[in-house]
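The structures come next, written out as structure tokens.
Here come two complexes built around chain A, the first alongside chain B, the second alongside chain C.
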Partner chain A sequence: MQPFWLVTIIVVLALGGFLLGRMRALQSAEGDARVLHSRPNYYGANVFMLTAVPSLIVVALWMVFQPVLIEANVSQMIPDRIVPEGGSKGLVMSDVRRLADGLDVAVAEGALTADQATNIRAEFTNIRERLAEVGVVLGSNVEAEVLTAAQAYRAQSATGALLMAAAGLSLAVAGLGWSLARIGVGFRARNAVETGMLALLILAASIAILTTIGILFSLLFNTIEFFRIYPAADFFFGTTWAPSFSGRGGDSELGVLPLLWGTFYISLVALLVAVPIGLFAAIYLSEYASPTVRSVAKPLIEVLAGIPTIVYGLFALLTVGPLLVGVFGRDGALGVDWMSGGTAVMTAGLVMGIMLIPFVSSLSDDIINAVPQAMRDGSLGLGATHSETIRKVVLPAALPGIVGAILLAASRAIGETMIVVLGAGAAARLDLNPFEAMTTVTAKIVSQLTGDADFSSAVALVAFALGTTLFVVTLGLNVLALYIVRKYREQYE
Partner chain B sequence: MTDAATDGLAAAPGKKKRSSLLELDARTKRRNAAEARFKAYGIIAITAGLCFLVGLVWAILSNGLPAFQQAVVKLDYTMTQEQFDEAEAAVLKTAVYTDQFVAYFSDRVREQGIEAEFDADTIERLLGKVGGTIRAFYRENPDHIGQPVAFELSAASRVDRYLKGTFDRGDVSGEGNRFFVPSDFDLVDTLQEAGFIAQVFNWNFITGVDSGVDNAGGAGIGASVLGSFLMMIVVLLLALPIGVAASIYLEEFAPKNWFTDFIEVNISNLAAVPSIVFGILGLAVFIQFAGMPQSAPLVGGLVLTLMTLPTIIISTRASLKSVPPSIRDAALGVGASKMQAVFHHVLPLAAPGILTGTIIGLAQALGETAPLLLIGMVGFIARYPDSFLGGFEGPNSAMPAQIYNWASRSDVVFTEKAWGGIIILLIFLVSMNLIAILLRRRFERRW
Partner chain C sequence: MSTNEIKISAKDVQVYYGETHAIKDVSVDIEDKTVTAFIGPSGCGKSTFLRCINRMNDTIDVARVEGEIKLDDEDIYDKDVDPVQLRAKVGMVFQKPNPFPKSIYDNVAYGPKIHGLAKNKAELDQIVENALKRAALWDEAKDRLQAPGTGLSGGQQQRLCIARAVATEPEVLLMDEPCSALDPIATAQVEELIDELKQNYSVVIVTHSMQQAARVSQKTAFFHLGNLVEYGETGQIFTNPNDKRTESYITGRIG
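After this line comes the complex of A and B, so read on.
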């Protein structure tokens, strides 16, 4: 837990700096705080900030980039000879990491001395047995090169950690000294602190940008990597989804069309459930319902939005699926043999529709409420009934906003994961029967990436291409919806 | 009178029909019927929505509540020193323990005047490996030898399910199998009448850890509750300060320029990005690039932080916006700097709203599953972490991921556990939301 202690030391140093700075400021004013430019606490805060912030930033960046550099260094030491047939360097590197961790454990448990851990040779010692004694299980016998690499990994990590501690602490001490030296009656501590705080605020606000950049890079890099081993045209226009996990997925067929079809079909069913119910609920609540009914029904319906999707997933798998089979299955109530298993487009779509009802209803409710009362009054004054007013005046006026709300709901449906993972099945097919199991983009991202640490095979990398597709589609829908909603809002402002 | 008049008018050809306020004409009737229909659609829609809610709650409660009950055999058992020595001297030690237990249990049953015959195999079908449990207890507590000890031995999952009504005679065909034979039902009935088998609250489900297929009934959600808790600590420590700082900048300081606009566009888009994309981000950036450990609550917390930030920023900005400008003007007027006005006056007034938004954001993060699947938090976690700080780095699961894990196993006992886990998850979510509502009620100010 070395980084933890390093951070603790820096923080303690900074807290000490705060007290010292405050004291020094009062001293320089000979105890009369009125002479100072700023209040004494600002002098302390300035010392605290200059001590803690730069060194903590350096430590954080160091912790992110050190493993990356060491990884790159060490992986050069691994000759291609020991990379197993059909495997990849990434797998060997994870062996190296596991072995390095194992050596650490062995040293900590006392099974090996620190000296032995750095110097033993695979040729003379059976590492696997020695580590098994302390409870570290290695998959296969250790190759000499892997051991050397692991030892280099350990050595470089240790050096790196030492350098990081040195850099962090010296920066903290330097900040402490410099900021203490600057304290005097004329020093504008408040301005310095406020400038620093503004910088921190801007940094915090920029995290949103950094997140977007992170998403784009993690999607794009791996997608490009994927298209290097798998032709893009086959991915976008292929009609078969058949990943094969043997031979590094070399003979897989990874066409996205069946997945997109499943996604859109399920979303369509969901919208067919959610839009009428949600829209009529919103109309009733905003136009007809008494305040009492509204104050009870609206929060109750919105409870549906607060339920986690895993609950809906379980509901689809274990309640709705068997129920639908009971109606549309072979021995079902209708006597038709349409549905063979509980997981189907209908199951997932229906449950997703329930999830989206509050989404559609509260957005439409806001939008209907934003239609000016004068328009309703005008229509009613001409003798139209309430429903005629709603259908002929209010809804047309609110239409762009409602379309925006539906688009947002559609984007939510397309990106929904847990309901389809549990409720829609795993078979990728292009079919029209809504009682068949189909699968979606999100469900396949989960199944391709769960429990797999090797990112270099086509079957794992395809998940990133799927993620990019998903991101582009949902982003497009969102931007369009927000544009429409904003345009509509301006109309009545 | 009127009827006759209108009839006469309607019958008269060529004359324009005059309407009466007392008599509705066909067109008005049609319009009124349309009005009633339209209103009925609305009522039907609301009812449908509420029915779905009721159905969902009913499904959760009816399937999940049994998970909190466990059938146990209650017995005051006494083991003498000779018995202990005899068992420890044997080759198959637990078998001797089992035999001793069976003999003792038979005596007790006979004392009650009940005709019931059972042997070691029957007991193993009903109670699992009793000998091992008893041996472990007496080896841990040797001072209890010779004194009566109140044992509560948890019954096998089939007995448990029989008492809960999800497993009955129809489910065992013919001679039965090594797990259950038809005569066991009678035995369980007899023992239950005699008060030996009872249903008790299953504490192990709340405090225990996940277990394998051989001990499905012993699986508990405790470790994953801890995993979720550790993640929420990370989310709270990161998302609250960052979210509040970002909102303060955007709401109070940001000049109107392209950079600010860019940040705003990013935030509103991030709020609508599917959660699984955040999982991909976590996998690629935190695990693949920065080499952080897989399945760790720390990484899960970081991913959920990024996911929750937009929610917190949006609600914080709303509550900052609701503080009237006169407060800022007054502070600036008496000589405060802009930073002082914001931190000393606006922020404290906006704090209840910020807190409410944060709790709601946390509740949202607590129920999120998809990103956790990608960063590997669905493994089989059969023990608690060794230390508090190590718990952040070590592999762990989270409540929703554990529920998903149980749901994807085929054993019905795990299905029950999944529903039970949902009840616990919802208890957390409901209490968080209640706290948020109460805070809002208590501290809400109208300016």
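After this line comes the complex of A and C, so read on.
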């Protein structure tokens, strides 16, 4: 059965259960809803919940795990002999999957009967041609073992789907029966629904948390793998970044310091641009601007936040870079020759700063607005000017939130990739000159993984170590933000 | 009976909040070195009128003030008058306590610092101590001057705001229900302070307590639905009011 139909049937069952439950509850109360413990709809909802939720969860889990199990099963059937030189079993497995899908298509189009599809033998039939007729293109000739594996794959998938349908439907029916049986005047359907809602919310929260943990672990495992082939001390304290993609990256130098420095430097420039401008804009908008100006200007600034970063990257590459070279380059307006190419820390930093302005301003604006008017009145009533009031009362009161906004912007800056790739160049360098090209951790993660390096080599695995480092740094920033906010909260509220 | 000079003179004052006509045709002369009490039912415009006297209504977008209010014969709504300077002269204690999210010390030192009233730290300390003493908060606060002002109880916050206003040495002090959250002892101390302030300044106090108005004030103004119904010697207002409405309010029949 198609999963779509399975889900539809379960939902229909559950909806029917809702109506039945409602009716049964009213019946048991002999039509007088007031003697029921809960409103009739709660009885219906309880039936709906018990019918749909457990069965749908089982179906969902089944759909996630079935392919994994079958893959593991089938890949055992593939002898190492047919794995091509330098390739991997995974590649053969993807052939198997493609072939299995192809057979499905062929059956659906009528080019093969279901029987033929299960029993066909590579020795006697040219599968590749037969499938080409129905528009399924296979890369190479089909080996006998691959075909057997594909057939096993199909067979097991079919059995799995059947079992899944059986499990899902029986669970739904069981839930329906049980919950209907429980309905009576005294049954506390409202409380049962409440408990069910709680369980659902907890489930959602755990999914979010488990995914995070999963991502973290996959990062960690690969990082540990990397440190097995590359000394950690060289990674953390090395001052040179020179990956060599030949010979499994054996003689690469993978020091993270130049990348961290680039990240820090570019973020710093970005924050130096974004924080003052963003904060001043927020102060103007929330304290001085008339409601009309505010209602126009605020959305306009927020438009900046909606621009995709790749567009900012283009802006950096095509506009800001050449502009800066025109000023600071060799024949530039200042005649100082500090800048040799358009890509530089300054270019990326400035553009990233512009990107961050709305983060700082929008959040700060909300926070400043949240400072009670009574506080301003108190200050104005003592004969303070508007700007004294802002500096001495409003901003200190809003400080924890503003610090939070700034750290959030910092996290964004550290994680930003596109602007760096296009605006700052690709050279990992430890340098103080902001007009030099530099690069960041994120940009290097991209370039380490987009080459055709082997995924188990140091030059590729280093991406995970970089990712972990970045994660730790951002986490540290967030913890710091929380700490600062807490500290001021305690002092002031 | 009184021979004091007129400190504040209001003529035909109207206040609108958008469409709402909150103060209608109010004319009143408030004397120097006198305590004037504003009484009247809730929502009748006492706070609104008080806020006109130091132009705090400027901060409300929808508020519009018409008419003439003179402080020492100078129109405070004149274009040349700087509301900031005016408010330094005419201090205010708000109806709701609004301490800054700063330490108790910094709350009181705020005004003196802005106006440069202290030459050094020692003088500032002295100003803060005096202000807290006058507001009857010193004993409770002297050991926790660096603690946040927002951490005080409601009544303590109210006295902190009084201390804050007193510390700037205003010529006129507007107090909007300064004792609404205070116990009888603290109330008595604040009333003592008002009495003492009267020696040099003009004090206007809004109160819902008839006894308090009778105790501390020399002049009383009764507001009703935005109108100034009656204004005169406190003794006369409380014993022999001219207007029916005043009498009913004082005896507790309207309110």
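Just so it is clear, the second predicted complex is superposed on the first by the 267 of 493 C-alpha atoms of A that agree within 3 Å, B and C clash if a C-alpha of one lies under 4 Å from a C-alpha of the other, contacts with A are read in each partner's own complex, and residues count from 1 in each chain.
Everything that follows uses one rule, which is that contacts are C-beta pairs under 8 Å (C-beta built on N, C-alpha and C of every residue); 3 or more make two chains touch, one makes a residue touch a chain.
Predicted model, so just to flag it, every value in this text is computed and none were measured.
Undergrad: Scan A:Thr385 for contacts with chain B and chain C and give back first, second, both or neither.
TA: both
Undergrad: Looking at the overlay, what does A:Met375 touch: chain B (first), chain C (second), both, or neither?
TA: second
Undergrad: Using the superposition on chain A described above, determine whether A:Phe471 touches chain B (first), chain C (second), both, or neither.
TA: After superposition on chain A, A:Phe471 lies in contact with chain B alone.
Undergrad: Using the superposition on chain A described above, determine whether A:Val393 touches chain B (first), chain C (second), both, or neither.
TA: second
Undergrad: Return first, second, both or neither, reflecting whether A:Phe264 touches chain B, chain C, both chains, or no partner chain.
TA: It touches nothing on chain B or chain C.
Undergrad: Which of the two partners, first being chain B and second being chain C, lies in contact with A:Ile301: first, second, both, or neither?
TA: first
Undergrad: Would you check which partner chain A:Val311 touches, where first means chain B only, second means chain C only, and both and neither mean what they say?
TA: first
Undergrad: Jot down the residues of chain A that show up as touching in both complexes, chain B in one and chain C in the other.
TA: Of chain A, residues 385, 388 contact chain B in one complex and chain C in the other.
Undergrad: Can you list the residues on chain A that touch chain B in the complex?
TA: Residue list for chain A touching chain B: 1, 4, 63-64, 67-68, 71, 190, 194, 197-198, 200-209, 211-212, 214-215, 217-219, 221-222, 276-281, 283-285, 287-288, 297, 300-301, 303-304, 306-315, 317-319, 354, 357-358, 361, 385-388, 390-391, 408, 411-412, 414-418, 421-422, 442, 445-446, 449-451, 453, 455, 463-464, 467, 470-471, 474-475, 478-479, 482.
Undergrad: Under the touch definition given earlier, write down the residues of chain A that touch chain C in their complex.
TA: Going by the criterion above, the answer is residues 291, 372-385, 388, 392-393, 396-397, 491-493.
Undergrad: Considering only the defined contacts, which chain C positions touch chain A in the complex?
TA: Those in contact with chain A are residues 54, 56, 59, 61, 84-89, 91-92, 94, 96, 98-102, 110-111, 114-115, 148, 150, 161, 164-165, 168.
Undergrad: Under the definition above, what is the set of chain B residues touching chain A in their complex?
TA: The contact residues of chain B facing chain A are 31-32, 34-35, 37-39, 41-46, 48-50, 52-53, 55-56, 59-60, 63, 241-243, 245-246, 248-250, 253-254, 262-263, 266-270, 272-278, 280-281, 283-285, 288-291, 294, 306, 309-310, 313, 337, 339, 363, 366-370, 373-374, 376, 378-379, 389-390, 400, 403-404, 407-408, 415, 418-419, 422, 425-426, 429, 433.
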